[in-house]
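Just below sit the structures, each encoded as structure tokens.
In what follows, chain A forms one complex with chain B and a second complex with chain C.
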Partner chain A sequence: MSGVREAIAGDEADDAMAERVAAGRARKQTGAGRKVLPIVEGVVLVAALLAPLVLQDYLTVFATRVIILALFALSFDLVWGYAGIMSFGQALFFGSAGYGVALLARDLDITNMFLVLPAGTLIGLTFALLLGGFLLLGRHPSSVIFVSLGTLTGSYAADRLARGWYYLGGQNGIPSIAPMSLGSYELSEGPAFYYLVLGILVVVYLLCRFLVRSQFGLALAGLRENEQRIAFFGYKAQHLKAIVFTIGGAIAGLAGSLYAFHEGFVWPNMVGVVVSTQVVLYVLFGGSGTLIGAVIGAVIVEGVSFWLSDNYRDIWPIILGLLLLLVILFRPLGLISFVLGERERVGSFGAKPKEKRNAAP
Partner chain B sequence: MANAFVAAFEILSFGAIIVLIVLGLGIIASMMGIFNFAQGEFVLLGAYITYLAYAKGLPIWAGMAAAPFVVGALGFVLEALIIRRFYAAPIVAMLGTYALGLIIRESVRGLIGGFYLTVPEPIGGSLDIGAMHISAWRFTIIVITLLVMGGCYLLLSRTSFGLRVRATLENPSLARASGISTPLIYGATFAFGAALAGLAGALIVPVFSLFADLGLRFLIQGFVAVMVGGVGSFIGPVAGAGVIGTLSAALPWVMAPVVADVLVFVLAIVFIKFRPQGLIAGKGV
Partner chain C sequence: MPLLEASGISKVFGKLTALDGAALSVGENEFHGLIGPNGSGKSTLMKCVAGAEVPTQGKVSFVNTDITALTPTERARAGMSLKFQITSVLPSLTLYDNILLALQAQSSLFDLVFSRTRRLLHDQVMTMLTQFRLANRAFDAAAALSHGQQQWLEIAMALAGKPKLLLLDEPTGGMSLEERRVTGELLEPIKQHCSLVIVEHDLDFIRDICDRLTVLDQGRVLASGTVSEIQANKAVQEIYLRRA
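Presenting the complex of A and B:
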């Protein structure tokens, strides 16, 4: 008897709880001010749009580079932050696309924007498909360690190859690439290039945002949190991983081809371990698992290093290492987690359910 | 004939260097299941300490003898303060040790500048065997590597400390229940692995000279060797190091060095893909 009463009491408690949760939900839905992420994204976008108006010319050139690197960071964030694949060799796709478009410009005189950017994207995609397919697919699922060390090794091997191969310019890389062209107009460094790159970043960002907020994104988040369970649900976990890895490679390729034309040269470091780990730094700093975190991370790391490099060039990498260690130990979700709650970081997925909740209770 | 002998000696001495570096990496990977990205920087520190002793006018031998102890002590401290927190998460451990390595590497770069500093060989000259000359110092490295390998093997298989290490490796919770202080064992193992890296750095600095990216050069080769050999045993990484070291040194004799360089990595990754447990599977010595 007492058991039943307890059960009833328990039910009542559950009901009360459900009511509180529902009330909380309603509050959340009406209180639009609680959403932080769109505000952060908006602020970053406005700041990026206004930057060339207030910056001097040489700073606009620097800002363009940062935006390209942010695009690159986005590709790594997609792979690591959303699918949980540690790619220590993301520069392989960045750099090989850079080399690819540099060769197109050098040997075939192709600099048309509408040819070279898709070509770079395709190169990144192909390399990522080959490497990712090899590392991730197969009868037995690969361990995380194998994938991360495999990508690292791939990037290192590409670096050595680029250094030793005369056709690719050896140690010096390929200097003085012709500027990217748009019909007869030549895009050189400056505000035009900046806005082009920013436009591409915004488009890619929105595509990524759509992707990670879709049902596909939900499966990815599940993959990151508990791969086995996702496999038990009937998803082909390895295929999902390979798809994301390939998309990440394509974005890295796009960023790499923009970088090659913006800097005007490519050199072996661009495919190597140095750049691969740099992109890991951006995303860890900013906050992996949020797209805007990757962008912010790239801007902060590059910005501070640019600012400090005049006076503290020698100790900046040491400070960077210390900060990184502190972030890993105490802020594993990155700087963005100071303003963004866990709930919003994880976010919601798929199409919004129709306003059923308010009507139902 | 003489040429073949010289080639064999080159291959053997390079293999010995890789074995020396991989030993520490393999021990840490087997025990704690983490891949220590700072291992290359421990090698660098060993090299730097040797250079420091030489620059201060001390005998080079003294620097070489001190290097493993200093680096080992540093490893012990770092394990207790930082590395310990990473054991549950291998990927975070990679990132954390990478950050540590970055700090050490850039500090050393700041101290030595962007130079290549040379340290003379403590045993100069060459050994003459008939008409052939081989470097006395490289020969010494081979001998020391053999001694260290033998010492490690005896330590792990014959002493009570080794028994406790193996017990912790096999089954940490059972070892803890039997009264073995596993955190202490982990600390000691990490310090030992770091000390081996320090020794490796001290021994190779006369051959490769001292520069800030010295460790990075060997780190990835070391990782690949550990995975080829197989994590979990003492003999696995050594075997892997033997294979990778021999291939890296031997292939350039038969093909273009650029191709050989890349081919070693490609072969290794393909091998690991189809045999994830490595050459030698299983735990134990």
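Presenting the complex of A and C:
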């Protein structure tokens, strides 16, 4: 009897050894152990901080627009890349906030930064809460098709509404919005606006990073991978989704209000399907499910379009389209997957107890 | 009063009648085996109990409450837990995070956002991993586990919420003999605080671990009773002979 036990124990020891070897191999393959993500984030931040110093003025203006779009991309990434909600109408929150602050500036002369930015955020949040509540908060989980068509319809309807409604300026939108103000100081496009937008992006990024690396982020990871499974654990999956959708709407609203003041006008496309699709492309291109991927995606898609349209005036959309297709075909996890392993992309959650590594026998 | 009482359960899929007035009754801390030939409706009955399917007719009550119309989330919160037939661990998460995900399911939103239960649950996570002989793999992705180990991880996850009733759909499917033996050992200690319903093809396994059995055939209950009563039952012997 004891002989049998020893034999089994011996087998277990062998198994354990084999497992450890396999685990080591897996670690090497995925590149876990090395921490690539903080390096990528640091490089992007330094590059962004230095950009206005080396770029010509008109390029700084362009870069500001790109940073705002990166903020917008972050909102979609949170909703799709982390909670697995396919929102084809993210521009609805972006654009409605843009229109909202444009009206505040036009009709009520309110341009104070500390009023219009929270107002824009609130508009995005409210619309997302209403639409998200309707689409996601059923007693039983709603299908991906239902949610994506629902958001698409919302965005399309808003586009049509903006085009047809005289009060919103119809086809032309609302032109020449007064600049955003900070006391008596007027913030127009240029380095000051750039650094303001960058500061906001960094703060929002850090908040999102905190959220997706918390235990809440773990619940989201479960939601994205297997919604039915986590419902059986007792998670209120629909509530989690509606919460993330609303946060996403708020961030999109913040981005939209910045965009409106930076460009100085809003027009129907801003709430419509085109901009909704654009943000999907940013995130797919950069790498969904990583926050930095969304930022990089926005920067590269916009940067490449800018450069291509300068150099290949006629055929640049075709080249861009092909590039996007190639990435989606060969790198479905986005450009970020060139440097980031699967394990680090998913990450781990909550503050790590100190004894973590040694706890395993 | 039994912990779980399902009666008159019928389930019709289009023209196919999967269940035709089946019943299941499980007492507290009882290990109950659900057996029967292929297509007899075992898995469907399990799904009706767990809330993955809504029965066409019949009533399921759990801890003296009618739960027939409750969603899986509500059932889980009432103390019912399910291990799927197909393993559904979350492959890209570590074993540690898989267990933590199951353990933290009842934490409040505030606690989750500020990761306030992480430290508190750490010991529980490690205890469960040790108990299911997976501690040395704690920080590997679940996808790297063998099939048998994934099944154990699933059982651990299903037990994480300290359920009163655990539903296991073919826990030993695809396991080696040795792995089956270990699975039996792993399930033994939970009897002190939890009832079990097992759907299983391996009759030896069922006989070793269960107190009572319910035998289904063509969507109806053929027999129900203690293991020895069922073994002596002529009708049961017949359907299993017929199959053999």
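Basically, the second predicted complex is superposed on the first by the 323 of 361 C-alpha atoms of A that agree within 3 Å, B and C clash if a C-alpha of one lies under 4 Å from a C-alpha of the other, contacts with A are read in each partner's own complex, and residues count from 1 in each chain.
Operating definition for what follows: contacts are C-beta pairs under 8 Å (C-beta built on N, C-alpha and C of every residue); 3 or more make two chains touch, one makes a residue touch a chain.
This is a predicted model, so every value here is computed, not measured.
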item: Partner chain in contact with A:A219 - chain B first, chain C second, else both or neither; value: second
item: Touched partner set for A:L59, first chain B, second chain C, both or neither; value: neither
item: First (chain B), second (chain C), both or neither touched by A:L324; value: first
item: Partner chain(s) touched by A:H140 [first = chain B, second = chain C, both, neither]; value: both
item: Partner chain in contact with A:V280 - chain B first, chain C second, else both or neither; value: first
item: Touching both chain B and chain C, residues of chain A; value: 140
item: Of chain B, residues touching chain A in the complex; value: 35, 82, 85, 90-92, 94-96, 98-100, 102-103, 106-107, 109-110, 216, 220, 223-224, 227, 257-258, 261-262, 265-266, 268-269, 272-273, 276
item: Chain A-touching residues of chain C, taken from the complex the two chains share; value: 50, 52, 71-73, 76-77, 81-82, 84, 88, 90-94, 96-97, 100-102, 104-107, 109, 111-119, 122, 126, 135-141, 144, 157, 160-161, 178
item: Interfacial residue positions of chain A with respect to chain B in the complex; value: 86, 88, 134-135, 138, 140, 142-146, 148-150, 152-154, 156-158, 160-161, 164-165, 273, 277, 280, 284, 314-315, 317-318, 320-322, 324-325, 328-329, 332
item: Residue ranges of chain A touching chain C (in the complex, touch as defined); value: 8, 16, 19-20, 22-23, 26, 139-140, 211, 214-216, 218-219, 221-222, 225-226, 228-237, 243, 342-343, 346, 348-351, 353, 356-357, 359-361
